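Here's a structure for you.
For clarity, chains are labelled A, B, C, D, E and F in written order, and residue numbers in each chain start from 1.
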Amino acid sequence: MKMIHIILYLLALLSFTSHATSSSFKDFCVANLLLPITPSGYPCKPQSLVTENDFVFSKLVPGVPIIPFNAGVTSASVTNLPGLNGLGISASRVDIGINGTVPMHIHPDATELLILVEGQVTAGFITPTKLIVKTLNPGDVMVFPKGLLHFQVNSGVGKAYAFSAYSSSNPTLHILDLLLFGNDLPTPTVEKTTLLDAEQINKLKAEARSGGIGGSGLA
Amino acid sequence: MKMIHIILYLLALLSFTSHATSSSFKDFCVANLLLPITPSGYPCKPQSLVTENDFVFSKLVPGVPIIPFNAGVTSASVTNLPGLNGLGISASRVDIGINGTVPMHIHPDATELLILVEGQVTAGFITPTKLIVKTLNPGDVMVFPKGLLHFQVNSGVGKAYAFSAYSSSNPTLHILDLLLFGNDLPTPTVEKTTLLDAEQINKLKAEARSGGIGGSGLA
Amino acid sequence: MKMIHIILYLLALLSFTSHATSSSFKDFCVANLLLPITPSGYPCKPQSLVTENDFVFSKLVPGVPIIPFNAGVTSASVTNLPGLNGLGISASRVDIGINGTVPMHIHPDATELLILVEGQVTAGFITPTKLIVKTLNPGDVMVFPKGLLHFQVNSGVGKAYAFSAYSSSNPTLHILDLLLFGNDLPTPTVEKTTLLDAEQINKLKAEARSGGIGGSGLA
Amino acid sequence: MKMIHIILYLLALLSFTSHATSSSFKDFCVANLLLPITPSGYPCKPQSLVTENDFVFSKLVPGVPIIPFNAGVTSASVTNLPGLNGLGISASRVDIGINGTVPMHIHPDATELLILVEGQVTAGFITPTKLIVKTLNPGDVMVFPKGLLHFQVNSGVGKAYAFSAYSSSNPTLHILDLLLFGNDLPTPTVEKTTLLDAEQINKLKAEARSGGIGGSGLA
Amino acid sequence: MKMIHIILYLLALLSFTSHATSSSFKDFCVANLLLPITPSGYPCKPQSLVTENDFVFSKLVPGVPIIPFNAGVTSASVTNLPGLNGLGISASRVDIGINGTVPMHIHPDATELLILVEGQVTAGFITPTKLIVKTLNPGDVMVFPKGLLHFQVNSGVGKAYAFSAYSSSNPTLHILDLLLFGNDLPTPTVEKTTLLDAEQINKLKAEARSGGIGGSGLA
Amino acid sequence: MKMIHIILYLLALLSFTSHATSSSFKDFCVANLLLPITPSGYPCKPQSLVTENDFVFSKLVPGVPIIPFNAGVTSASVTNLPGLNGLGISASRVDIGINGTVPMHIHPDATELLILVEGQVTAGFITPTKLIVKTLNPGDVMVFPKGLLHFQVNSGVGKAYAFSAYSSSNPTLHILDLLLFGNDLPTPTVEKTTLLDAEQINKLKAEARSGGIGGSGLA
């Protein structure tokens, strides 16, 4: 544990303690990121320490492309926009290069609402009884209901980008390939639970190990 | 009551009835807008009638400017994007012309998360103990916590536009001027409850009556 | 930071730590007001430190009248009735003197349910499409849905008083005049976002500065 | 089924159908009591049929005393104050005569917040590890957390009355005696599951049958 | 539409209408499965039509094994145990034959809590940063947090069976193979969004088409 | 306060502090049982300290029988299965010996869903307007809606056991006899609020004092 962390922590404790009488969830609750999170979000910073910067994130610029998908995501969520704490919403910018794709993924506890700004994207989500696929053009808005497997593919001739909103202050991105191949789950277990061939599994495990899946750009 | 409504209603009843056994909230609940809404949202359409179009809204184009504010809002919410039903999220495009403003307003049950795409906007919200104001540039993201009075002003030299997400499938826009001056609340009551002068109130009531406030572009 | 705060804080930490095994949200969660609040409320005091006084507030007496409105509010909420923590309810006593008024205000995240006990009150709330106004007599109960702009005016010949319940353990009172005129928001910004005249704004800003709005009785 | 019910139902359907396009949960959702309730509350009446009377209940007067407890309760909940629908709050007036009592009872899904207006009341609630009892005087406010067994006894020399708020639009009152003795649960089953003697059970069952418990005033 | 459905629907309408005054969410809300579901669940049956059978499901017996996984699931959820409506809980019995497996799957909006009764099962769930795998013996209880990809494999020498509870009245089972290969999503799209080889995809699509995945036992 | 508690507490603080940047509610929130609980649950352990054991409880074996009821309960809830934190679900094993009973009780904020595995049980719950009683056989599943008084009696010839799930991570068991007779509530108060005879009350109070009710096996 680094000394700087101890000092930061003591400062955090002192800061909320010295203002204890004004510490309350009044109208908003800016996250105190130095204290441990709870199921409802982070404890609130005292109002006296809150500034306008707690409510603004700069800037939602294009993210570093994830290998080999040629797509990048930059997020404004509670960890970099602490005013979102407890409010159940966040946003991201999604850039998909030519021929790029946001691969099959899940946000376990968030609905995604995507607004396409530039380019053409074919997107879809899947349930046991429905396959919903649609080609989107700029200005189109598509909803991906919470917890469903979904994807977005650049189906146009140029770059594409979109803004997405999420019904969570702190959503996570579960890329299917990384769940299946990016850890130590033994090949026979993957084989048995997915029906994929061992050869296929080992090939993708090797790519994941070499940084060939999610090699950069993934938090 | 128009005959067409009766027919639509009977069709609505028939449609869900004939599919009653498969009617369920499985993974999503697309709004049946012909049936009355409940506190949790609209009843669900049967899955067999759901199509990809229920999950896409085209297009989130610039809205008609509201007089005299020179700003327009177009929304993708449950009434035109029925796949949002029950998911607690929606979006809009906000266009603010040169010198334009989104006047003081409230979304009574929704947090707003604004992403500025073009131009420069000075935005803020107000609580009894805090005034939060910030000038935003493209890529900046600002959160306006639920139920707080807030505004956005074009402070740049050109047009500005933004996308906003809301933590409600069905948010409402309460423009303060229309609440205070756009109805039959007697001038003495407004005077007494706001401390505004009667002359000021009557002037703005007259503007509201003549269409000079919210003259177009407001649903 | 005062030494007494450090000592209180250390006592708070010690108190819950020494009882850690019995610290739980079992049946109720009395607020430990010395620790920072979270979006779901305050951390719970250990059950061994809980007494009957944590569940009772004495007394809900008439509040100090707010200038110039001649109305006072006393609240029983989580900060003085810590047994309310996490339960989503609180109460207040509202006294409105002769000719007095509870001015236009909002509770951003709470429904208000008012029971008139004495006197006559004309009350109302406003949405973009509805103006709801009603004159209340003793025993009448009126609901002001969450987040809506509303007011209460003494319309009788004597004093009036009421009890109000709120659907929040920790509601806030947003008096419109104080939001608009009780801070440093520049006059041109208020002008532009409200359409009020600069003269009117400056007059009310001056009154607010001199304590003429909310001069006493406001927490 | 009475013809009047059929007619009322058809009117209900027609009313919301003819206004279907404006039927929405915008800012409030007044209960349409003629349609079946859902877990989140009643479907909403169309806004065009909503009046100020939907938000006001007149009058919260003393209720008929329940035999033999000499206490009466009058409620303002969603069934007589339909504007409460979906808002999670309601209220009652509780009158306790001399020597009267509100017997041991439970509100299964509502916290109660009681404000004593007149008289003296000794009240309490019970958990497996805590007995909380307190004597209340006018202006005292006491909270009874959701789902806990509790009681209120007139411990003064005169009548007492209070207002209570509940964290539910539609709370129920479960008087313990009526749960145990006011139905057809066989005496041996009651005996085995409560350890009460059969004689005691039969005595109270007889009283309940003869109207001697909850003989009037109970909805 | 079958005549029987019309008759059932009319009966449903009549039934709740004739009891409209007693139709309410008082203490419980048994699902009226003939009316369309809402985001909060089904409308409630009138209390006068409720019987003890609405609260009991018989019997949670071993389900038909799903090909080729040699595992079967039988569920008690709101559609066959209507008393669960609005209560956010349900259960199933999971039988895993020798060498059988419950393949990689997701419950998009439900946590699963599994109690192993017989046999030995190795189970796990996966997030981007954690792989949690554990071998369970009878009496072991394991939680699979909501929305996460997970699996259960019979790792013992005999049959295994478990009971699972879910934090939803109406959970769904998303078997990964059926999402990826059991629909018309074109092979190139699957290839691009999963990095699987086309040959592998086509092989599994063929198996799914021939009933070789989920060939029986899946609702 | 024991020194070991201080050390544990300091370790707890250090542990989450040293990992502050990775401390978040990402996909799950394992309870840090050393820190005080909030209304939404315990603060989360840092992900780096989470192991598979946080998600598994061993073993849900028969509990010590409670005197004189001859029934025992073992629970897997957040305090011994910290991975349940914030997920709103838990489980127990309920063993009822020959002639045994789970006496009248309430779970104030949890629905119970019982799966009978062995034996025969007659179970029921009670509302002011409904008595629901049913005899269950192995494989039967019965729901006891949240907050309602209920019981389970062994009505077969041998032992019985069941698994129950609860819609809370941290449910409590309120045995009616212990609420009424297991504390210092004076006999006259019990008499007045329950209509039970003083003799009956004193008899059961004596049994409770001597350990004759809930003499063992109750947490």
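The rule is short, and it goes like this: a residue touches a chain if its C-beta (ideal position, glycine included) is under 8 Å from a C-beta of that chain, and two chains touch if they have at least 3 such contacts.
Worth saying up front: this structure is predicted, and the values here are computed from it rather than measured.
Novice: Show me the overlap between the contact partners of subunit C and those of subunit D.
Specialist: Common neighbours, subunit C/subunit D: B, F.
Novice: Which chain's mean C-alpha position is the greatest distance from subunit D's?
Specialist: A
Novice: Between subunit A and subunit E, what is the gap in Å from one C-alpha centre to the other?
Specialist: 27
Novice: Take the average of all CA coordinates in subunit A, do the same for subunit D, and state the distance between these two points in whole angstrom.
Specialist: Computed from C-alpha means, the inter-chain centre distance equals 45 Å.
Novice: Counting only Cα atoms for the centres, state how far subunit D is from subunit E in Å.
Specialist: Chain centres of subunit D and subunit E, defined by C-alpha means, are spaced 37 Å apart.
Novice: Please list all residues of subunit C that touch 2 or more other chains.
Specialist: 26-27, 35, 38-41, 108-109, 127, 133, 145-148, 172
Novice: Using the definition of touching given at the top, classify the network of chains in this structure as line, ring, star, complete or other.
Specialist: other
Novice: Run through the chains and report each pair that touches.
Specialist: A-B, A-C, A-E, A-F, B-C, B-D, B-E, C-D, C-F, D-E, D-F, E-F
Novice: Looking at the complex, which residues from subunit C come into contact with subunit D?
Specialist: Subunit C reaches subunit D through residues 26-28, 47, 50, 52-53, 55-61, 76, 81, 83-84, 87-91, 93, 111, 113, 115, 117, 125, 127, 129-130, 132-134, 136-148, 163, 165-167.
Novice: Using the touch definition from the top, list the residues of subunit B that touch subunit C in their complex.
Specialist: 68, 101, 103-104, 106-109, 122, 124, 126-128, 131, 133, 145-149, 151, 153, 172-180, 182-185, 189, 192-197, 200, 203-204, 207, 213, 218
Novice: Show which residues of subunit B lie in contact with subunit D when the two form their complex.
Specialist: 1-2, 5-6, 8-9, 33-41, 79, 108-109, 170, 172
Novice: Can you tell me which positions in subunit B touch subunit E when the two form their complex?
Specialist: 13-14, 16-18, 20, 23-27, 29, 32, 35, 38-46, 85-86
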